[in-house]
Amino acid sequence: MAEKIIGTDIAPQDLVAKITGRAKYAEDFRADGMVFAKLLLSPMPHARVRGVDTTKALAMPGVIDILRADEVRQIEGRPGEASLTDEPLYEGQPILAVAAETEEQAAAAIEEIEVDFEPLPFVLDPLDSLRPNGPNAYTGGNRFGGGEFSELKWTDADFEEIEAGRMPNGEAAVEWTKGDIDTAFSESDLVLEESIVHQSLTHHPMETRSAMMYWENGKLHAFVSTQSAQRTKYAIAGTLNIDPEDVILVAEYCGGGFGSKISGNTHMEVPAVFSRKIGRPVMLRITRYEENYIGRARPGFQSWLKMGFLDDGTCNAIDLYIVQESGPFGAGDFNTAGMIADLVYTPQNMRFRGIAMYTNTPPKAAQRGPGGAQIVIMMEPILEKAARQLGLDRLEVHLKNAPDADVGFGPRNSTLTSVYAKEALEKGAEIFDWAGKQELSGRREGSKVTGIGIGLSPYTAGSRGYDGLMVIHPDGKLYVHQGLGNLGTHSIMDTARPAAEILNLNWDQVELVWGDSSRGMPRSSVQAGSQTTHAHSRANHAAGMDARAKVLEVAAQTLGGSPSNYDMDNGRVFRRGGGASMTFAQVAERAIELGGRYDGHELPDNIHATTVPAANMLAGQGLMGVARDNYGGSGGVYSWVAGFALVELDEETGVVDIKEYVAVTDCGTVLHPRSLGAQVLGGSIQGMGQAMTQRWVFDPKWGVPFANRLYTARPPGILDVPLDMKADAVGIPDPQTPVGAKGIGEPPVGAGGAAVTSAVADAMGGHCLCRTPLTPDIILAELEGLSQPFTLEQHIG
Amino acid sequence: MGRWLDFESNPWGQEVLQGVSLELMYLAIGLAVLFVVGHLVWYRSRGFSEHEKTADIQGSVAGIPERIVRHTLPSRIFHWTMGASMLVLLITAFVPLLGLEFAWVTIHWIAGAVLILTIIYHVIHSILWQDFWSMMSFNVREAIGHFRHLLSSKSTEPEKPGKYPFDHRMYHQGIVVVSLAAIVTGVLMTLRIKTPFWEPNAYYPLVDQAISGLNELGEPAITVLPGEATGFVFVIHGIAGVALIVMVAAHIYFAIRPDKRYYLWGMIRGWIDRKQYLAHFDPDKWSVVDGTIQESPPGGAIADSTVSAPRVDD
Amino acid sequence: MAIIRDMIPAFELFQPTTVEDALALMAEHGEGGWVLAGGLDSYDWFKDRIKRPEAVIDLGGIDELKGIIDGQDGLEIGAMTTLTEIVRHERVRSEYILLADAAEHVATPQIRNQGTLGGNISQDTRCWYYRSGWACYRAGGNTCYAAAPQAMNREHAITGTSRCVAVNPSDTAPALVALDAKMTVRGRRSSNVYDAEDFFIGPATDITRMTVLEPGDLLTQIDIPSEWANAHFYYEKVRDRGSWDFQLVSVAAAFKTSGNTIDDARIAVNGVAPFPVRLDAVERLVKGAAVDEALAIEAGEIAIQGSRPLKHNEYKQPMMSNLVRRAVRSVA
Amino acid sequence: MGEAESVGLLETKYSRRKFIKSVIAVGATASSAGYFIGGSGLLGAQSSGTAERLITLTINGQQRRVDVLPNETLAMTLRYRLNLTGTKLGCDRAECGACTVLVDGVNQYGCSMLTNQVRGSSITTIEGLENPDTGELSLVQQAVIDEGGFQCAFCAPGFIMSMTAMVNENPNPTRAEAAHALSGNLCRCGDYDKILNCAMRAAELARSV
């Protein structure tokens, strides 16, 4: 009997390459005649290029050429990002690129280029842009709609409300309500109202977005760092307006993305266009400094929250207003945040208002749990405060408010495929010993006070309808073609497991084909929003079923009888009850002989058009399993993580030490426990960094960011997290998907961050600081009764 | 020759005015030396005596006391305090630039504060209690006479002055302008450092705004580059500072010249003697006759009422 | 001129093997020369292309600058001794654990393996305005960008400022002040020994330098006198992250005690001024006193007398006060 | 051997005052002709001053002749001249540890030392951990396989080098000591729990050797 694969720990196939240095990331590729490109970045947060003098630079030794904004795709008339621009909208936006024989020459040439910038008014903080007469991020205004820019300003009265610590009533871009919040608040036994700030923070994956590209025989060979391979090929083709089949995309490994490299990135265009222009391979090595600017960031929130509770802990009303710092090109986090607030606390009455303001800060993008992570990190300490004032246990309050499978939430009363949030809370509480740790809450040893906290965090975790593509080759092995990116979640391998189980293969009989579009990539999801595990365990399940059926048919056609007489195991197909059998190698040979649908010369009608070229490429190589995920389903797919943290707060220094952490997830069937644990704890640690240390700092006078190094941006290090952490899963399959697995990437971020902010609030005796990051200065200022240097400012330092 | 002004990149990479260059200080020191040497040469070439002129006092001593009060004690205290603070300011400003390092900033701004206080005192005092116009008057004929004398050995010596001779008055006016420039810019600069009186602010938002206009699109345009207001302030302070090197050097030079010694004594003791009075001043213009205030002749100084009563301060 | 980062500009590299040769090279190149110890501060400057020396003089090959010698009176530590060597040195650990403690709080293991004691105490400030290459006072300009009402000065100084409000970033500097270490500085023709607290200078004296070292000067040796061997020590550093972070405030203290009475004390704080601050007033207070909570609290209060926060670093006052309090309290 | 000697000769030649002037030509010649381009094709490409830049490095037990600039970091030499791209550049500023290599067994940041400074040292990179004869993984690498370590793994080479230094020095660490030893390396995936498991497993394997 073939081994069980789903739910077991198997070291990822690419691990040996990764730990021997053989794994090649984008910047590890070389090509003959390769030259280096360097970017000239805008020194101003908003400016217009009046003129550029490149004479001196072009005359320098080794300098080959200069690429200007008019040579790349520009987005006209609406907010949109071009890879090079003459109207920079943030400090650090690339203006032009220089190519030279050596990187040093390119850098020296950049220094000799004179750019005449006309500084324009800029805005860093969204509230500043809403102020009467406040600056706008664009010359045309601060909002865009109906094809044009316009100005939206709040009134002095709105700002008086804000200064008084109350929720403003300025015009929102998005507003939805359910129930009747006014009545509900009047019926609440406890109403809490807070103004909250969540900082914006950079993604800073370990690998920057370097890329190397060259053109050969009319085809672009692109070596890039991306979260989603197949979709990036199409993104590049779209940007360059070329046939996607003329893009050979190589992206075997991706050194982290966290939402910043979903389909590659805007600046991939530079080496693509530049190498075409100069006829040489171009390496664009992105430094950490540049990554700080062009590498994306999570949008920050300034928000006001009013929550009503009944004395049994039921949250009966939420009024939430979010102003989002969106950078120059926008982001949608705030909308999701409103949805997640509704989902976690299931108030019967809710009003959500939100507005995303353009700012002249580096671009924002989805960052692991976009919107969801921010909102639970901000709300959890308020829940702590409420539970304390109601004399209730936070776990009870959560259990009281957490949804069941019949939940409807958000403006469109969205439904979900499954919800086991309460099970996650209960299992987590048990592992963490929540009940036993109650007595540690508030315990004081010297200057150190203990606090415990919970964070409950849901996020989307799946999508449907992608294609699976696999071939059993005459070597007897199953080759699963993945169009995903290999960004470290191991899902690129783990989502092939269902196919292996369907075909009753051992894992070593399965080969994965990925990372090189010339080897055939089926239509895939973007590897974002935790879709992959759900979407591609289904797609590979479907293709696996297709392959299985074909194997049985080939066996029946070859050995006689009907397919139902046959079964398979361990790379052999055999007649039930004994008798004739074939190896998969023989099946593959036979399938090639049979041709037609067996070896991929005929393809199902319903697969995506973008899968067809890949399938055609593989036709005739063996027995092909190819199918679209038609399993269907209704409702959104969400996974949950319940996080539990114990912290020690030093009241004399404001330093918080996270001592213990437990996270339990509801993500359906567990494909790979150890990788799941890594996702859950890794995401939680990112959340802890978000809650405790990471920041972005701008000088308001010059609009220039200062936290542009890792040590100033402060992502968490190994000494900033608990030595021992535990992760577990509820493990109940999602009923609407054949494998039962849901994604997991996003939700742990909010859980980890919120458990910690909640625990800090607990250690401070139910005091909610209501801003992140909770750095020692902020905590100490509060404990010492000093005025907080920042109130609603978005960027602090 | 070099560049007299320093430029630097502002944080946006634009070249902005930063201040005067160190060379200007050396230039000023050079000018000061040249002036002294030049004056010595000129003086010698004209064959003037190195000694104080004496006057024939026969027959004109009636009503003139033996000692004539030139500067009251408050005036002298003012002068020496101001002079001391000015020297401290110059030393603390320039000596560190010459390489001798010490903690000069605090001393400098405190000396500046002292200077401002003395000047406020002086302004009030001179308006209310002194003869304001004895120092502030200007007469074209007198000026022409002085310049003729300066340039030509054939011209007649200028008329004897009233209490403050023409060159003193001109020097005073010059130092008023230069010191005020230094003081105003100095105060602006002090706003940028930590003192017990205010929180530091590196920028001059009002200055920046005042010189901003609107561009052709009707948006605020930054006509003076950001951060450049600072540069202007530094340039004015720097120019005033180096000008003061020359002026103070000249002042000290004349104070210690033997032929002008009576001024120094006047400022130290408060009085000059009758001989000196008669030798160097026109009693019509500076009357020291008991209790009487005479009409000022055209262009002349009006007698200082405070010194008209013969007193000896020391 | 457009700005580009992360490429080290060209320079000539010299690798002398004796101090004399190093001094000769330094004299030869003057302002154009750059002395490289562990290099971790230097490479930042080079990679930012803000400092562009024409000649880099690498001290790594000078053996006489490396290692710790048991001297007649305490320890003689070569300026090029790595922080890891100091952390692990037996006698440092047994008699001067304060220094080992401080050295172990520097950045990361890799940096301690390469960074030297001489480099650690000579490193430049981390003020991000200055490090961004802005023409501030310290860089020879006419502005302190960190001293504006809206400026981001959470990490900046609350005392000892003069126009410039940057802080000294060194972890070992306050420990050396507390240990009354002596720094030997050699020039081409002269050799001077400075007390640790005089080695560090403030912007009032010279706004462009953090130490007495001028071009042509070489810090060769740090002596730890036996005077404070085996004293009661206290070191604490508060930072945002557990590794690779500079102090918000740190304290290093040495106490000679009999029972819980303090006979003598040396206390230094860093992260609050452009130089490590020795707390003479606190030392006077605690000398001869029996330690109790009241004394600790008073010590903390005295420590911050005269300090004045900027807009965003008021927290440094209680933080500094509390750390001094803890240092005194640790004696009891 | 011969190469090592030739370096020694050059040192003698240019050490009139007992210092080593490692390069005599800076400027156009020195910085042209393929700086940062891997492979050996560039050797001998210059007309003058070439010899002075040729140095010999001991990397993963092999002597490698390489042409380096005085301002070149070890990480750049490894990645762009010797094609040893296992040493990663995460920040190039001694902050993330992805470039960690062993210099005479000590873990250091390859991005923040000059190649010229390690001429006399033995350098070990991630590519040099496997047994050169058998291809067997080092015990640290084996420990990572056992524990299924790392996610995106861009940080992995650096972490593994630090773990290697750690187990050589202290094969009996507590979990806290292991974390301390690895605190010079950053993992943005936040896989610290599993990384510590790997480190503890590596120490266990080291103890059993």
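Chains here go by letter, A, B, C and D, matching the order in which they are written, and residues are numbered from 1 within each.
Here is the rule we go by: contacts are C-beta pairs under 8 Å (C-beta built on N, C-alpha and C of every residue); 3 or more make two chains touch, one makes a residue touch a chain.
What you are looking at is a predicted structure, and each value in this text was computed from that prediction instead of being measured.
Among the remaining chains, the Cα-based centre furthest from that of chain A is the centre of B. Inter-chain spacing, taken between the CA centroids of chain C and chain D, is 29 Å. Spacing of chain A relative to chain C, judged by their CA centroids, is 41 angstrom.
If you average the CA atoms of chain A and of chain B, the two centres end up 70 Å from each other. Averaged C-alpha coordinates put the centre of chain A at 32 Å from the centre of chain D. Across the assembly, chain B contributes residues 11, 13, 203 that each touch 2 or more other chains.
Residue positions 31, 92-93, 95, 180, 182-183, 185 of chain D are each in touch with at least two other chains. Among all residues of chain C, those that touch two or more other chains are 1-3, 6, 9-10, 132, 145, 148, 151, 242-244, 311.
Pairs of chains that satisfy the touch definition comprise A-B, A-C, A-D, B-C, C-D. Partner chain D is touched in their complex by these residues of chain A: 9-12, 15-16, 18-25, 27-28, 30, 34, 36, 61-62, 101-105, 204-208, 253-256, 258, 287-288, 487-490, 674-675, 677-679, 681-686, 689, 709-711, 715-719, 721, 723-725, 727. Within the complex, the chain C residues that touch chain D are 6, 8-18, 21-22, 24-25, 39-40, 43-44, 46-47, 56, 58, 60-61, 84, 107-111, 113-114, 242-244. The residues of chain C lying in touch with chain A in their complex are 1-7, 9-10, 49, 128-129, 132, 145, 148, 150-152, 154-155, 238, 240-246, 248, 311-316, 318-319, 322-323, 325-326. Within the complex, the chain B residues that touch chain A are 11-14, 203, 217, 219-222, 226. Chain contact summary for the complex, chain A toward chain C: residues 38, 40-41, 43, 103-104, 107-108, 110-115, 287-290, 447, 652-655, 693, 697-701, 704, 706, 710-712, 714, 716-720, 775-778, 780-781, 784, 786-787, 789-790, 796-797.
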